[in-house]
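Presented below is the structure to which this report refers.
As written, the chain order gives the labels A, B, C and D, with residue 1 at the start of each chain.
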């Protein structure tokens, strides 16, 4: 859906990290792992919208957390209170959660700005009183996304330099909390997804779903540019992250 | 005043000159929630081949200054699935559907056109910016003989308008247009994307897995306008202008340069409602300027 | 570490690969207060013909999305005035001066080169993006025979390096590069501007008095990179990369794509100090990345 | 010269009209009719700098008055107090004023935003106690540039609708004040320059200099795009507005 919001705040929260809140006209209905595609410029440079996962969507507010990478995110970081922000969304599917299954351990893992999408999931589960284990990893404490909000959700942290939580990777924490029949949800850089996949693929009672990122043209399923290979190595089809995703069963993704 | 926005593309009458550009509008359905598809002059769908094609490895698209570059690799569902699965869903709209087609040799093109003749496809648009496998990967785009043969074959099997989509990656697009006209094309559309390369200096690798990609968007608008104008001085069949059209003004510039209709490509990614907005915009422009019919504007560039 | 930024362009050794692009740096002197001209690899001056040329009617330039379009009409002071008035003023700099030359027929080119042979010009760069008056205005750019004849003539009268500047307005720039190499060119430079058109919808007239213009700037960078890379796979003589270079990263991308040196054009209008900044930037890049010589980077694109 | 300043204010003063003051590091030495070439964007759209005449240059301050026309001036109008503005200049020549000649009547005419450049001239003449007649014209009062500042200089106004000063054109006022041996300085739209030329060319004792505008590529004399024909109709040369201009003796310009 074409949509727009007004900046409530757009504040720096860490090294290159920002938290943006938009006020939207109608209650914004979205699901964890969905994203919005934001127009960051009002000239033709940068031309394309920029996709961001929804961090939270409460009543008439919509939050993003993002990292300044290049021109597009730099322009976004310059938006001031009251500025209008044009976006499309929510787009994409969501993490499959079986709320009837009350016993499997749910493990939620966020890495880098992938933390946005898993924050939304953890928050929804908390609301529906379903227990979960939440892990967030980063190189160091200053790169941890939305530390305060994650702490409220009982998050376990892993930092490579030990400046917050466990010294090491999210997988080091994962190994400690992993149980048979666990269901894992994750969003983060590809090396993280791969590392988790290596651990989980040996355990066929464990399910692993991840929200993927891909370079997007349209964000609405039209250009077939955001594809990832789904199937097995020599017999796969390309599926669109913006439409069939962003969440895929990682055992089916060729990575 | 009731302005007349209809245009005639080789016998196919469009309610207005605004068409979608192949590959940027999916099979139309992706845009249902953003634009009333009945508002459009025509929907040109993603390029279709005889058989399904998997497409290129990702990364398939990258942004460039005021443009984008893509190498989707002509991923498509194949002509059968297009006819049985996609086309029926567009039936509920009054807007004609034009199939953009391609092949890996002359025969491939003809077979797709033949199969489409028994479908609700209103016209075909032939994408000649493809390598000819039989000729060792040479581009059709500059091969006059191949185009003549292809045109003659297609005209025999496809009974509705045949549009040839020209490539800008040639030194003689006017001659290519002439060959199309001489061999029975009902219209030409131009331009397709310019060959480009984008490099990641850190990795020293191309940003696109396919190495080269096709450049589109505002960056190429001046090139497209120049080619449309030059071709309009050479041939008499209608021209469909394409390249970097982002708004109503851009669209009208192409018409002034000599186009009878336009196609909107990359702009759909920036604003998925843009085709409807431009269709309305053209009507308002005619109204505001007391022009009775859009056809009065075609080729009015003066110097 | 002392990094080596020198490059060898057909015998002409430049202290670094940063050159200015013809027509965007005047006769060099206009930039004295913005950049230390001694910092540059070479200065390529505005295109010079046998006789002074008045140039086109204004408006001669217009902005386009991420680019500009120009039709200056090769206004120039003529080869005699260049040698007697402009060249002496550049003597105080150690930087070699390269004369960009053109003619209205093969003979015209040869005569300018001949005259320049007895001057301090370090090399000539032949601009073949000009209409051949004797051949009825056909472009030299795609005329292999004319280029062969011209090259042979010029090599006889000009004893220092001869660079041919290729036009992108052709479907076969690799073949044109090959013809240059085969006929004794010491290097090729590419790309010149793309033919474009810009229209003022209100007046329905072109924005440029000459109607068509040459597109340059960031918009064309992907096209230029693609052509440089393709040509680098075809020929062995050095390539000078040109097109939309705005900063050090852009310059290095061209080198990775296969260029031995680069020329900076439109960027001089945005920041007249940019050539010096890029020369420094390349040095720092080598330093920071532990690369001994810029030549190690040429053509290192991997896929 | 490459230069930069910080926005002191950037305020709307009329219909699409703005007055921008920049604080520069060193005392800014400039002459009337000179311009600066301003970088309005920090992306590549718009790519080129935008030229603006200097309205005034006092101590470490530099003022421009400009009208929002397209993308470049729109971006300029969005600059806020404290923002850095990168510019090149001052560039170009100046109005030739013979301060030893104390009797010829000096008439200064500004039309549209051309008023900026003549304001600078009038102000300098006032400082050197040389008398002059100043005229500014516009379609209506809301399009009059820097009304307050011009009033201080004793300006005569002409508006097409009579909403300020004389109803009519600057030439209507000019005809009333014109004297033999007058020297006229003007900056404004081409039709205005032409109209003044038509009046003055019949009087060979009157001199007429105008500051011209042209579409500029580089603003420093390198691209030869900003040319105007100087000489007579079939024997002229193209001269650069940014280098040999902006001021030319109008009797020598082919318009």
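By definition in this document, contacts are C-beta pairs under 8 Å (C-beta built on N, C-alpha and C of every residue); 3 or more make two chains touch, one makes a residue touch a chain.
Keep in mind that this is a model prediction, so the values were computed, not measured.
S.K.: Could you run down the chains that neighbour subunit A and subunit B together?
M.R.: Joint contacts, listed by label: C, D.
S.K.: Rounded to a whole Å, what is the gap between the Cα centroids of subunit A and subunit C?
M.R.: 47
S.K.: Using the average of all C-alpha atoms in each chain as its centre, how far is it in Å between subunit C and subunit D?
M.R.: Taking the average C-alpha coordinate of subunit C and of subunit D, the gap between them is 36 Å.
S.K.: Just curious, how far off is subunit C from subunit B if you go by their C-alpha centres, in Å?
M.R.: Between these chains, centre-to-centre, one finds 34 Å.
S.K.: Could you list which residues of subunit D touch at least two other chains?
M.R.: 44-46
S.K.: Which residues does subunit B have that touch at least 2 chains other than itself?
M.R.: 65-67, 217-218
S.K.: Line, ring, star, complete or other: which one describes how these chains touch?
M.R.: Here the contact pattern is complete, since every chain touches every other one.
S.K.: Within the complex, which stretch of subunit B touches subunit D?
M.R.: Against subunit D, the touching part of subunit B is residues 65-66.
S.K.: Tell me, which parts of subunit D touch subunit A in their complex?
M.R.: It comes out as residues 41, 43-46, 71.
S.K.: Sort out for me which residues of subunit D touch subunit B in the complex.
M.R.: Touch list, subunit D to subunit B: 44-45.
S.K.: Which part of subunit C faces subunit B closely enough to touch in the complex?
M.R.: Where subunit C meets subunit B, its residues are 64-67, 69, 139, 141-142, 169-172, 194-199, 201, 204-206, 211-213, 215, 217-223, 225-226, 229, 244, 249, 252-253, 256-257, 300-303.
S.K.: For subunit C, which residues count as touching subunit D in their complex?
M.R.: 23-26, 30-31, 33-34, 46, 54-55, 58-63, 65-68, 70, 72, 75, 217-218, 246, 266, 268-273
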